[in-house]
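Each of the two complexes below includes subunit A, the first together with subunit B, the second together with subunit C.
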Partner chain A sequence: MNKKFSDAIAGYLFILPVLLLFIVLTLGPLVGTLLLSFSKFSLLSSSRWVGLSNFFNLFSDARMGVIYGNTLFFVFILVPLHVIVGLVLAVSVEGLTKGSAKYLFRTTFFFPVLATTASVAIAWGMMFDTSFGLINWFIGLIGAKAIPWLNSPVWVYVAVAIFSLWKFIGNSFIYFLVGLQSIPVELYEAAMLDGASPRQRFFRITLPMLSPTMFFVVVNLIIGAAQIFDEPYFLTAGGPGDSSRTVGLYIYETAFQYHNYSYGSAVALSLFLVILLVTLLQFKLQKKWVFYGN
Partner chain B sequence: MATKSLEAKMLGKNVGRLFLQVFLILVGLLYFAPFLWMFSTSLRLAKDSFSLPPALFPTAFEIGNYFEVFNKVPFFSFFLNSFKVAVVVALGNVIFSSMAAYSFARIRFPGRNILFLVLLSGLMITNQVTAIPQFILMAKLHMIDNTWTLVLLWLVNPLGIFLIRQQMMAISDSYEEAALMDGANRWWIYSRIMVPMSVPAISVSTVLWFVANWNDFFRPLLFINTWENMTLPLGMTALTGAVGSGNYSAVLAGVMLSLLPCVVIYIFGQRYLLEGLSTGGLKQ
Partner chain C sequence: MNKRTLMILLGFLVSVGLAVAEPVTLTLAYPTGDSKVEIMKQIVKEFEKQEKNQVKVNVIVVPVANPAAYWGSYFDKLQTMIAGGDAPDVVRVAIEGIQTFAARDLALPLNQYQKDDPQAVLNYADLAPKLQAPFEIGGKVYGYVWDWNNVVIHINTDMLKAAGLPFPGPNWTLEDFTKYAKAMTKTVNGQQVYGFAIPNYYFGTEGWLYANGAGILSDDMKKGALDTPEAKKIIQLFRDMIYVDKTAPVPNATTDAVNLLMTGKVAMIAAGRWPFGSYVANKFTSVGVQYIPLMKSPRTVVFGSGAFPVIKLTKHPKEAYRLSAFLSGAYSQKTGISIDSIPTRTSVMKEVLPTTPGKNWEIYGESAAFAKAVQSPPGYPEVASIFDRYTSSVYSNQLEVGAAMKSASEEITKVLANQ
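Right after this comes the complex of A and B.
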């Protein structure tokens, strides 16, 4: 047995468990979603092919535009917010000199990421209550009128954004923090000798050196925000009306509450295609702004 | 003159530092306050849950709310189910992801790069996209309402494979060559050299995956129907349904209890998280 051949066997054996699971539980179902979206499927009675009719329904579904609009809006507000707030917090914490203070703030900003999402979302639902909630009570203290956080088509977005920033900022924060720590100190020392201002150091050193982290964070945030589910499920149930219903929520309701598996699959397939396109586009564009050094 | 400008500079630096500290303390309080409120309210009498002013600090000590949680729903079994699923999934990640990572990082075989890219593309194939066929498959296999279904669906971790592979690629060839000269086989090299030398990346991927799994609500919502098999996140909705508007304080007692394991995870996991992310690296 030559080395090349035995290497190949070993290589395949080592990836075999992951590959099999991936084919059965991810790739297979992806194909399944595709097939289902061309059929009229039922778990209990017989199923049949219906060609493109699910997609015709999808394009003539008046709610589809609203729901995709909502999801897109979540992506547009949540991604920049998480990038900016995460970066500001990471730079601030990294700027502290005392190790214990760093630890304290790192814990404070990261801990909510670990906190069981369902639990804290239920609690935040109570905090957002218009009449008895903690937040409106504070707002009342400064004399402002109570805000209908979860009952107004506009304020629900602010409410979800606040919750999302509180719950998930630790993700981008921790990636940025690690990214900052990996920037060689010599770069800053050299820049200081050349008389660079803090502003220049941030824009000429920190940001470019952080761009690979930034790319990773943005790609993940967009994929995450595009499938946003828990936040509207717990806080708003998609309401009021359809005003905060997202594609993720719609897929769930269509397939698992109304048992329309085929139409749900068509919607799911459309979501996959959108995420795929946006991610590919980002990988194309990264050459223009991501700096990998050396 | 010179000393004066130096003093001014020092003053500016101190003012900047003070501003930074005040800013962080304020934001930190905003992040911490909800936990304080949850804790204080969980100790209020049922009829006072929402009475104003809201409690940032405990005003009552109604421990009964915490017993109520266990009386109304099988809260302890939610915990056990969550632990079982998360621990098995974490172990699976340690073994399967590191094996695949080793193969992708160090062994040459036809189709390696393509297979790696296909696996990595799994990051874009989100739960909602695969959920419907997964559900139909599990229904046909009579595996609905089974915690092992949740385990099974979480066993492939593309990001974990990526992170561990990054670190394994950075390990010097010389260790492997020396071992091969001594007649070691691939499994020996993997388990005795590669895994011990990639502990930071393996730990960080495991902590991240454990947390994601611990928090997962979507899949239990689809695949689990009965209280006996619920994990904690889904159990929280059961608790809200069972106690609900009758006693919001008891719901918050459940919330507080559900946070305890997260504190433990943080204390043990955070060191690995930072070390692992910085040595594993996200570059290319």
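Right after this comes the complex of A and C.
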């Protein structure tokens, strides 16, 4: 056995645990979903192959357009919101000089990520209540009309966006914070010696140096927003009507409430393909704006 | 017989002896989140004692993460357990699931076992016949009803007093009801309080529809029936209470009507006996219950109930039957049903219901005589979801009642046809 071969074996052995986890937790379910989407599956009776029937149903499903439209709308709202607010918070916290204040804000902004979505959603649901909610009570104090947060097909997006921002902003915030901390201080010192203004330093140093982190955050946010489930599930149950029903929620309802696993798998596969295409496109485009320092 | 043969024979006899002494082990599936899990363990201990410890019962708590689709999620887990070859022997099933269990041939008919061992059920006639009926499908008995609930009007008596209104009688009309709702809608200390929280859930709405001679489905449960004039009248009433009379708040998926009643934010809600658990926990005693206003005679009250069917795949059908029967017995009902549901045995109702800390509690027992089962066909979760989707659109003022109910009925009919 030559050294090259034994090195290769050692390498494969090192990745074996992760590879096994990948096969069991990712590849297996993916193949399972693929097979299910081409069949008529029942937990308690024999399944049969139905070819593309589930996919034809998907294209003729009258609700699919609205549901994909809602999901797309959430992607357009949530991704910029999380990027901008996350970045502003990270830059503000990184700019603090006092270590204890930094620690306090870092913990505060990240804390909601650790909270159970189900429990905090109940509290937010009460706050958003049109008639008795705390938010409308404050709005009433300034003489404005109550907002139907969870009862209007327009305001429901705003309510979900506010909840999502509060609950999950800690993720993009922490990524940006780590990214900011990895930018060499010498770059800023040299720029200051050259007389660069804070605005110039941000746009000429911070943003380009942060672009790999930004790329990572945007890719993850788009994938997460396209799969959005927790927020509408706990806060609105997809309503009113189908106003806030997303593809993720529809997959769950179809497969696990109506026991139509095959059709649910076909919808899941369609979402997977959309996300895959968008992600591949992002990787293609990143060459134009992501700066890796070389 | 040589020494070796003797040893083998002795070994065989010891093994057989041990096998005989080995108690039968049954599994009972119960959904988590139900406050009765601990009490259920106590009840099965009593069953084990009755069986002289020859039958052991493992209570399997099935985790249910989704409170919005509680029974749907639970059935899904049960079906997964059955498909995975890990079927429980006896399961807790509500009325919403028994049709599905029977239609999919999952439940064991108990007629023969009851015939062979009638003592196990202990006074079958004591089970209120109307409540037991949903568990007898096509002449086959699939379980013995344990608990039930209905839908009546809960009234905050402090708010009633403040409005100078008497407690309504059982034959109050829809006009009386709307008059009460208007009288109790006011601003108190700068906070708007409402007369009524409309029931935006399947079971609660069906209570109102039954009262008006309608239903979510046709009587044979083959078609949607929300587009009948009687059904539309009720949905229109609820919609108008929100937007015309302004006597009801706009409901949403997270509305907690029981909490609103206790905190004096609404004066009336539609619910069964289940809020009494919260009332007792919060020491809320200013409450009375009355029937939904009388719209059609004779009066009809909706009910939902639960039992413990035996799974067909059980290896111990006789013991499982005895457990199923024991769980519907007087001891089980007295121990397990105290405040949040209603016992199904007439004798136990008489003992338990007087402990209800609310005015006019007698109607819970009375209504067993004219109760009608909630419509729960195979495919119930999808039907309930369509109902929620369209009624939420109406209550959010997005759709007009007639168009919404027509679409809802058409979609429901399509779902039922595919079952």
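The rule is simple: the second predicted complex is superposed on the first by the 293 of 294 C-alpha atoms of A that agree within 3 Å, B and C clash if a C-alpha of one lies under 4 Å from a C-alpha of the other, contacts with A are read in each partner's own complex, and residues count from 1 in each chain.
Rule of thumb we're sticking to: a residue touches a chain if its C-beta (ideal position, glycine included) is under 8 Å from a C-beta of that chain, and two chains touch if they have at least 3 such contacts.
Predicted model, so just to flag it, every value in this text is computed and none were measured.
Applying the stated contact rule after C-alpha superposition, one finds that A:Leu43 touches each of subunit B and subunit C. Using the contact criterion defined above for the overlaid structures, shared-chain residue A:Leu30 touches subunit B, although it does not reach subunit C.
In the superposition on chain A, A:Ile122 makes contact with both subunit B and subunit C.
Looking at the shared chain after the overlay, A:Trp166 reaches subunit B, while subunit C stays out of its contact range.
Of the two partner chains, subunit C is the only one that A:Tyr258 touches; subunit B does not reach it.
Counting the residues of subunit A touched by each of subunit B and subunit C gives the higher count for B. By the touch criterion defined above, A:Phe132 lies against subunit B and subunit C together after alignment on the C-alpha atoms of chain A. Of the two partner chains placed by superposition, only subunit C is touched by A:Pro148; subunit B is not. In the superposed model, A:Ser197 makes contact with neither subunit B nor subunit C.
Touch criterion met: A:Asp230 reaches subunit B, while subunit C stays clear of it. In the superposition on chain A, the residues of subunit A contacted by subunit B and by subunit C overlap at 43, 122, 126, 129, 132, 256.
Within the complex formed with subunit B, the residues of subunit A that make contact are 4, 7-8, 10-12, 14-15, 17-19, 21-22, 25-33, 36, 41, 43, 89, 92-93, 95-97, 101, 104-120, 122-124, 126-127, 129, 132-134, 137, 166, 174-175, 177-179, 181-182, 212-213, 216, 223, 226-227, 229-230, 233, 247-248, 251-252, 255-256, 261, 264-265, 268-269, 271-272, 275-276, 279, 292-293. Contacts from subunit C toward subunit A in the complex involve residues 68-69, 72-73, 76, 79-80, 82-83, 104, 106, 192, 194, 249-250, 252-256, 260, 265, 379, 381-382, 385, 388-390, 392-393, 395-399. Within the complex formed with subunit C, the residues of subunit A that make contact are 43-44, 121-122, 125-126, 128-132, 148, 150-153, 235-243, 253, 256-259. Taken together, the subunit B residues at the contact with subunit A in this complex read 17, 20-21, 23-24, 27-28, 30-32, 34, 37-38, 41, 50-54, 96-97, 99-100, 102-104, 107-110, 112, 115, 118-119, 122-137, 139, 152-153, 155-156, 161, 186, 190, 211, 214-215, 217-218, 221-222, 232-234, 236-237, 240, 248, 251-252, 254-255, 258-259, 262-263, 265-266, 270, 273-274, 277-278, 281-284.
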